[in-house]
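Below are structures written as structure tokens.
Shared chain: chain A. Partners: chain B in the first complex, chain C in the second.
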Partner chain A sequence: MTASLRPASLFLALVTALVGIVLYCPLLVPILSSFFTVTHGQADWSSPTFAAYVALAQNDDILSALRATMIVGFSTVVLSVSIGTLLALYHNGRGAGAALLQFLVFLPFLMPPIITGLALLIFFREVEFPRSLVTVVIGHTVFVLAIVYRTVLTRLRSLSKTLVEASLDLGASRWQTFWRVILPNIAGAMAGGAVLAFALSFDETMITILVTGTTSTLPVRLWAMMRLGFSPDINALVALVLMFTILLCILAARLLMPAKDRAAH
Partner chain B sequence: MSESRELLALRSVSKSYGQVPVLHGVDLSIRDGEFLAVLGPSGSGKTTVLRLIGGLESVSSGAIYLDGRDISAVPINRRPFNTVFQDYALFPHMSVAANVGYGLSVRGRPKAEIGKKVAEALDLVQLGAFANRQPAQLSGGQRQRVALARALICEPRLVLLDEPLAALDLMLRRQMQEFLKSIQREIRTTFLFVTHDQEEAIALGDRICVMEGGYIRQIGTPHTLYYRPNCPFVARFFGDNNLVPGTLGAVDGDLRAIDTALGRLVCSTGGDTALMQAPEGTAAFAAFRPEALRPAVEDDVNRFSGTLSEISFHGAATIAHVATTPGDVRLRLRLASQVEGIALGEGETLALGFSPAQSHLVLA
Partner chain C sequence: MRPSLTPRGLLLAGLAFALPVVLIVVPLAIFVVYSFFSVDHGTMVYTPTLANYGRFFTDPVFIPVLVTTCILCVSVAVICVVVGYPVAYFLASLRGRWRYTLLLLMLVPLLMSYVIKIYAIRSILGQNGFLNAALMTLGIIDKPSSLFVFNLNAVLLALTLLLIPFAILPIFLSLERIPGNLLQASYDLGATGTQTFLRVTLPLSLPGVASAASFVFVLAIGDFLTPQMVGGTSSFTFSRIIYSQFGAAFNWPFGAALSIVLAIVVILAILVGERFGQQEAAR
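Coming up: the complex of A and B.
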């Protein structure tokens, strides 16, 4: 208890509050106003309504964008989790060129998305690969791979090396060792990485705009709509996206918490 | 025990990691049913020996034989040995029972058989009531016993133990030593136990193999190593001997003279032919334990005077450092704390001696 009264803790609390106020409180405005009708820029505070949400559910553009986002998100998750886990396993086994591999995996994550997007765009054009949701999935996978790779690698590193040795020593094959010892211990990290990958894919805009064909994903749609000003349905969409993202973050945090801590709670 | 047959043999086994050699042409024979302790400081290669036998590493040259058959190329999961790891390596996501049954389960044995054997193995290590616990819920000593049960359930020809007691506190370590020894007698399986603790090696080993710098220095019973070390390293590491360098002199029966900075000393050769036959002038050490050193008596042949310093009381014994005249050789002296008529004091000089029978020679 006394610890929370120390100046450092107070300062930290203050910064946290400030971050909350500056970054996230403004979002309350669209969320609040999504429940009221707005005419000529004036909200009518007297009668709350779900009208904006109903309109959203009937907006075919939004629905098809949502569907595209989901397809891209799930495909990206499947690809990035499989590839990221394989690369992490390779790296942890001290495969040759691990440092180079890590560099390559992290490059698109650290580069500005516009660079990655442009590079991919030029590549797809040069090899005459038609732009579509497939190219979006490729772009997203390249972008989020680092997250899954890192999450799984961190968990692999925290596992005692002797676990694998013990399994082999007890007569298990390499394959049995993978299924029975390694996989159960990295499953949480893979799931956590998957959720983070989905969250990143869900709101990725820059790469998507550059490499998509004619289909829009939800953030691209949202961005296009916002150029015409904040309408109630945009407000409603922002509220929904925010809620969904928060849920994903909570899920990821729970999944990535080490099993030991979870047992203690 | 000495008549029992050879189970496993290492023949000129060497191991290098890249350019770094860690084991130099080691020969070792393990007898069926014995408890062999491999003792050495860190970096001596003792863990490498265990890992090579277990198949966790492969030999760089030389070969390992089981029942006379070369098994150097047999992969780890097909060797009939099981290891108890230093950090226990229990699978954190499995219950105690699943951990213990793992070796049978991966071999595809029927569930009923696994259940029965797991119960037996857990009873053997007195953890029958803990089958459904998770490893994280166990104490260090309990985890250790689960690791042992898991290694024993596959009925290995040889159990390899890699400093399994190092992480336990002193009291628990003593208990576990007795426990290991009694289990080994009960199931009559060969144990190879790696340790850096000489007391532990003495407490557990039927024989002890002392290693240093990638070489085996001496193999023998604790008694042999204690009383007849064959090299300065074993004498120092194993028995805390005082070592006084010198050159060999005349042989007189089982005894032999050695000229040192303390003058001419007479020490036992223990009948060792190498020591008896070494030409005069050969470099050697006079070795005697701190407790062999004592106030001189009338007919001592090994006699010199020493000045005491750093006297420390250890209950039953009192230990002091001694600077000798002549020679100013540094020795350690260990006396029973209560000796009639003697009061030890810092800076005090007294006549000291040791009997040839309580000393021995070691070739340099």
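Coming up: the complex of A and C.
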């Protein structure tokens, strides 16, 4: 903010760099361990190996958990994006009803996941709905709905009213206006919301642990294995998952950044 | 699109509210009702009782654990804010694309798998972990320290590490909103850099600090995985006790009652954060 604080700025830059390193440390450990053999905290740097990745390809237990996670993720995306978009379109975020709706949608996101998870667990038990991946999908949808709803709503609000009015004035029906004007404008936000929803669902652990049946998703499987310590193939998986997540982040950032900002980069 | 009181409008409103009501309101309502039931020898007793809340207030275990947990989570929030503030300040002082690129870099770890991060932190902090190995290599200690192994210190460190990005973002946003001409005016009037910071920047960024602290607190107090994983067998936090009521202890109604207590603490924290933030912003 100012040039007169040279030593101070240097100090701040140093703190920022340190915090950055500390934040990335927990991510680097499993990635490094996936390529090198580590015993008692000492890595053997001399011989990088892909053995862990080969072992991973043969670990059926983990691969089936990964498959379950993908199924849950995609189902959650489809459900949350369609419901979230419909809710955003329905009320456009104004008036008392909209405020109530927004509050309800945001409740599971604001409450600690343990409360959302336990409430759903008791609910499923009381209505005698057996716990399975379906209950996990419901749990995830309830959790991520707020994000998709919010993302689409923000874009809808920034959409100039005159565009819709112009379309109607030019004789387009409501459906035509929706398909030709509104939808193309919110498609980016829907896609961005979908990526965020997938990323959140992919990583969701606390609600999943509570509402899952016998088949578990990857984070829950990892959680169960963690008590015993991870084998090298788990480190390999972790490294792959981290790379995948970074890709998702970049994708979400691109989709959510407004077009004019993107041009400036 | 505008909702109206015609039959069609009411139908639409019903449809829009149906899902949130069925999947959000109803489960939460059942949850609250459950906290007034009880369990007798492993079977549910559906007679309303205040016994669960009575047990919470009279049993010598639960209130101390809640207090300890609150102190722990407040400490996490304070550390996150103290560490996050200089970072946010530095990022906000940058210009152009660096500002947002670095901000994004600081936020990326948030989207990384939670379980994996906890595991990595545990392997860094552990008896044979990287931290001890590094300290021994540097000659600071001569045998592995157990200061950060399976205790509340470990939980504190792990939670702080996991939640720092949540503190950086709100503080950055509040710093970014401070108009540049206010700072310019302060300098023009002869204030030094330190004076400008203490009298202008800091007060104007307090709403961000308040919401950062309440964010971190709420996330820390609701987390039952981290204490379970790095806290060992002795360091019980409130969420962990709730979780155990649904597992080993198998007392769902009591767990529900404890969760309601947790929800009240969380709501208070959110309200305090919001109140403080708005008050400062209104000045």
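Assume the second predicted complex is superposed on the first by the 234 of 265 C-alpha atoms of A that agree within 3 Å, B and C clash if a C-alpha of one lies under 4 Å from a C-alpha of the other, contacts with A are read in each partner's own complex, and residues count from 1 in each chain.
As a working rule, a contact is a pair of C-beta atoms (placed from the backbone, for glycine too) under 8 Å apart; a residue touches a chain by one contact, two chains touch by 3 or more.
Predicted model, so just to flag it, every value in this text is computed and none were measured.
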Chain B versus chain C as contact partner of A:N185, first or second or both or neither: first
Contacts of A:G171 with chain B and chain C, given as first, second, both or neither: first
First (chain B), second (chain C), both or neither touched by A:T162: first
Superposition-derived comparison: chain B or chain C, residues of chain A touched: C
On chain A, the residue positions that both chain B and chain C contact, one per complex: none
Touch list for chain A against partner chain B, complex: 160, 162-163, 165-173, 176, 180-181, 184-185, 259-260, 263
Chain A contact footprint on chain B (complex, rising order): 54-56, 76-78, 81-83, 85-87, 89-93, 102-103, 106-107, 134, 136, 150-151, 154
Chain A - residues contacting chain C, complex: 1-2, 4-5, 8-9, 11-13, 15-16, 19-20, 22-27, 29-30, 40-42, 83, 86-87, 89-92, 95, 97, 101, 104-105, 107-108, 110-115, 118-123, 126, 138, 141-142, 199, 202-203, 205-206, 210, 219, 222-223, 226, 230, 238, 241-242, 245-246, 248-249, 253, 265
Residue ranges of chain C in contact with chain A within the complex: 1, 3, 12-13, 16-17, 19-21, 23-28, 30-31, 34, 83-84, 86-87, 89-93, 97, 102, 104-106, 108-109, 111-121, 123-124, 126, 128-130, 132-133, 161, 164-165, 180, 183, 187, 193, 196, 201, 218-219, 221-225, 229, 239, 242-243, 246, 252, 255-256, 259, 262-263, 266, 270
